[in-house]
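Structures follow.
Shared between the two complexes below is chain A, which has chain B as its partner in the first and chain C in the second.
Moving on, here comes the complex of A and B:
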């Protein structure tokens, strides 16, 4: 039952075709991916690759020693970081710092508060991570990244279609609607669609693409219903905690499918909020990379 | 890049594939072993050993959550297999590291004392919670641990966790089954220990429950008949009778208890069959319960009771028949004594008269006993002074034939009261003449009369041969006589004390005894002081000799 939501592929293409000069992710990411395909790859090999970029190396060490991971001792080398935190975690850290890097270069338009935006994104990532842990997932970083990038389409629109996005921001301010509604009205597409398209262009995993593209409509995420539902609820939790702002003040529609898919009752809400709040605070280490 | 490079690369890839295959084979074999283990300790042990081999570790440590669910502590049995270097204590993961792994729930490798020494910690996640952490030494540089090895460790840990959950569930089920078994055998033991036979059948006559006695009474060879129709298991009359009782019970809700005779090994065997409906919690009838009572014993009781009755009737009749001719004999003796006789003739007549008196006494005693026994002893209650009664007894010349000194101590507090003069006199006389008879050396005999707690107390004390404690209990039984050389010389019917007891009890009292062989005895009669006749006729307690 794949009934695509509002934007047909044509409308999306008409919009994204106008996005020119999109940044690319560093080649290192695809090298890491290639190495990780081989099961015999050791931590040392990946560490060598990462260490070839001093900027990324220092960011990785900064993050792994933050309270976000909370390892009791100091981690002094990338090799140690990989054996302690695992291959996937390090890849996710490299990926998120690279994405921050790539998007930082674009110029912001007036009226859209990027600092608040990143705070909201990091908060959503943290809440998604909390949810995933509660549901028994082990690859928590995937969910953090999905949450972190859920609104990445807004940055793409802000950076590459600034006039249109300025209209969206103005419309939200004037009629106190959600960004989603304003985007649909102005552009005919929304930030979720654009974000999904962007991640696909960056060759990120289908799970990540679906989680971002469907975070307002998890029921349409197909086999990636759960990741999408987690990001959807993570977004709601971050909004409830008032961590940063995605650009609007109104709550978007809450998806019932998401709740039932995750099997979370309302009684666990207070605990999730408390944990999400703590986790978000620790995750704010990533904010440095957005500056 | 030289020409051999692509070839080298292909070779390396082939090696990698082969290695990957070997690792996955190893993991598969070991995970089968882990899942095959039944006890939790065995699961942990196979998991630890597989992990150790996978990494090439020297040994393992296994940590579990302590009983309070708090800290991770070294497990006692599967705990520590690390090889200790001489003089060096083994590395133990710090509490913070264990906590961190428990929180992250992910296989990790951490530095030990220095950066040359590394340890891999593998958490066992059971039902969303880390229940244990396996610690392995990493022999090579930690950075060289392949991704696949870590994934394999994680996979084995998942298998072990699943096996632990299954083992726990199995243990729980075993417990439950054991509990139900114990409960069932408890109830079965209760049923089997009931001396009655119990048979429960459903509305269609299929056996729901049967106890051992029911099976024995109905001659059903096995208890393994649950679910079978009860009728085909029975034969003859029993079958028809039980069918009738069953039908009646279902129709009327109950059936009168009735006697059914079964034949076991040729012998007749009377059983009483009662029945009632079996109802569930909603009071809906779902079957019928039949209770069988073995009547053999009650029949035997019946027979003995009849025999006893016959004996009593016989004694009463014979005594009566004997008394009539004796009365004539005595009358003729008196008549003869009135005529002029030679001294010799007078002497003979006196012997005849004395022996006749003894016979009458014996017959009176027998009649008393049989009256007491049959409950037909009638008391002629009149107001009188027990003190006068005792004085009258002590004045009887026959008590003073020997060298005894008989004294009395009569309390002035003793009031007039209701009693049967002749019967009570009989009691006191019996006790005093016993005291005389069993004090062959003479000596003091004292009779005291007093009031104790609104009861009359008559005590007769002698300093004679006394009574062996072994004989004291049976002393008041009829025809009981103490063995021994003296007893053989002393005449008596063995009825005196039995009668004394019967008469005392007819007055609502008791006779008790305190005695020491060689020192003497005290017989004490206690009876309530009554001034008014009781509303109902005084009846002796039912057959104290039965």
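Moving on, here comes the complex of A and C:
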């Protein structure tokens, strides 16, 4: 089995040094993080902070009232949303909508279908969430976000190194290989490396960075092997369900280490696909934010 | 993405957004090519208008179609798994996904 190795700091540096003018995430996220580490912070304080930005408030309320969460009664205030869903979930919603917002502004290069890309990303988020639930994790939103952002490096490459990325897209088309293989051949690094670098630059958690950076090589994720393995298999499930497209037509190679780390049997696939499909359909509310 | 009244939608056009009925049921996936059969289904479900992808029929090169036809979906799946089916876990995933398509359960 061929597992992509770490590109080493030099090769990655040579590529990312050419990425200029990356968007920043709203300052609100670091303020939320600051408040959340204080055990005395109340729901009202976080709600006040979020409510100070009407655009983010409206997005949070749209997501919490969508079928993704499926509450029977309408949630009309951020405070109410925090009480029902908890700090972590609300922070995850703010984070994901902010990242969509930051990246939607960048211009796509010719040949890469962003709409299909985001559908695949949301599908992978949903399938990762389903897997995490099956494995008994409680912080399910973290896994949704890790899946949602697993291919974010492709957007960075598409937006900021369009000529190189066009060569990658052309190679995928000509050779019918995976994006991963084409990126390694053209750039010497892959979208997972670049995605991990981007999330690190945005000061996101190491767990999230590793899950994204190692979603094609979970065995290299160290203590975050299991989260990376969940996203690795979540990606496979979304591809098997044909939800959108990450830009290629071939399945990547399964990491045996990842599969063993999850400790589930292949007889779980019918149920996982059924749950992943339902969850992905509900999660498509996030697609509005990518437009 | 222009919204086309249903009487202006024609086979060969491609949907820009998923088409759902009044009950929220998905009728056509985003990026799907409108066929005569799909058009008939939309009319019978009284869908008034459809978001159509500007630039018309073909998707950007190098990216797969959203496959709505079960035979095409099965073919795309077989192609995707061709080089990894030697692995028993991937083979099981392929078989489970194929079975969903054959049973008409699609995302």
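Here, the second predicted complex is superposed on the first by the 286 of 291 C-alpha atoms of A that agree within 3 Å, B and C clash if a C-alpha of one lies under 4 Å from a C-alpha of the other, contacts with A are read in each partner's own complex, and residues count from 1 in each chain.
In this section, a contact is a pair of C-beta atoms (placed from the backbone, for glycine too) under 8 Å apart; a residue touches a chain by one contact, two chains touch by 3 or more.
Nothing here was measured: the structure is a model prediction, and the numbers come from that model.
Peer 1: Should the superposition on chain A be reported as showing a clash between chain B and chain C, or a fit?
Peer 2: fit
Peer 1: If you stack the two complexes on chain A, which partner ends up touching A:284: first (chain B), second (chain C), both, or neither?
Peer 2: Only chain C; A:284 stays clear of chain B.
Peer 1: When both complexes are superposed, which of chain B and chain C contacts more residues belonging to chain A?
Peer 2: C
Peer 1: May I ask you to decide whether A:72 touches chain B, chain C, both, or neither, giving the answer as first, second, both or neither?
Peer 2: In the superposition, A:72 contacts chain B only.
Peer 1: Between chain B (first) and chain C (second), which, if any, makes contact with A:38: first, second, both or neither?
Peer 2: first
Peer 1: For the superposed three-chain arrangement, provide the angle chain B-chain A-chain C between C-alpha centres, rounded in steps of 10 degrees.
Peer 2: Spelled out: centre of chain A as vertex, angle of 90 degrees.
Peer 1: Once chain A of both complexes is superposed, is A:241 in touch with chain B (first), chain C (second), both, or neither?
Peer 2: second
Peer 1: On the A-aligned overlay, A:18 touches which partner chain: chain B = first, chain C = second, or both, or neither?
Peer 2: Neither partner.
Peer 1: Applying the document's definition of touch, where does A:172 land relative to chain B and chain C: first, second, both, or neither?
Peer 2: second
Peer 1: With both complexes superposed on chain A, which partner does A:80 reach: first (chain B), second (chain C), both or neither?
Peer 2: In the superposed model, A:80 contacts chain B only, not chain C.
Peer 1: Smallest separation in Å between any Cα of chain B and any Cα of chain C in the superposed model?
Peer 2: Between chain B and chain C, the minimum C-alpha distance equals 20 Å.
Peer 1: On chain A, what residues does chain B touch that chain C touches as well?
Peer 2: On chain A, the chain B and chain C contacts do not overlap at all.
Peer 1: Using the touch rule from the top, collect the residues of chain A that touch chain B in their complex.
Peer 2: Spelled out, the residues of chain A in touch with chain B are 36, 38-44, 47, 70-73, 79-80, 82-87, 133, 136, 138.
Peer 1: Over in the complex, which chain C residues touch chain A? Could you list them?
Peer 2: 16, 18, 24, 26, 30-31, 59-64, 66-67, 73, 76-77, 79-84, 87-90, 92-97, 99-100, 105-107
Peer 1: Name, in rising order, each residue of chain A that touches chain C in their complex.
Peer 2: Residues 67, 110-113, 115-116, 119, 123, 169-170, 172-173, 236-237, 239-245, 247-254, 259, 266-267, 269-270, 273-274, 277, 280-281, 284 of chain A touch chain C in their complex.
Peer 1: Show which residues of chain B lie in contact with chain A when the two form their complex.
Peer 2: Going through chain B, the ones touching chain A are 16, 19-20, 23, 94, 96-97, 99-100, 103, 105-111, 115, 118, 125, 128, 141-148, 150-151, 154.
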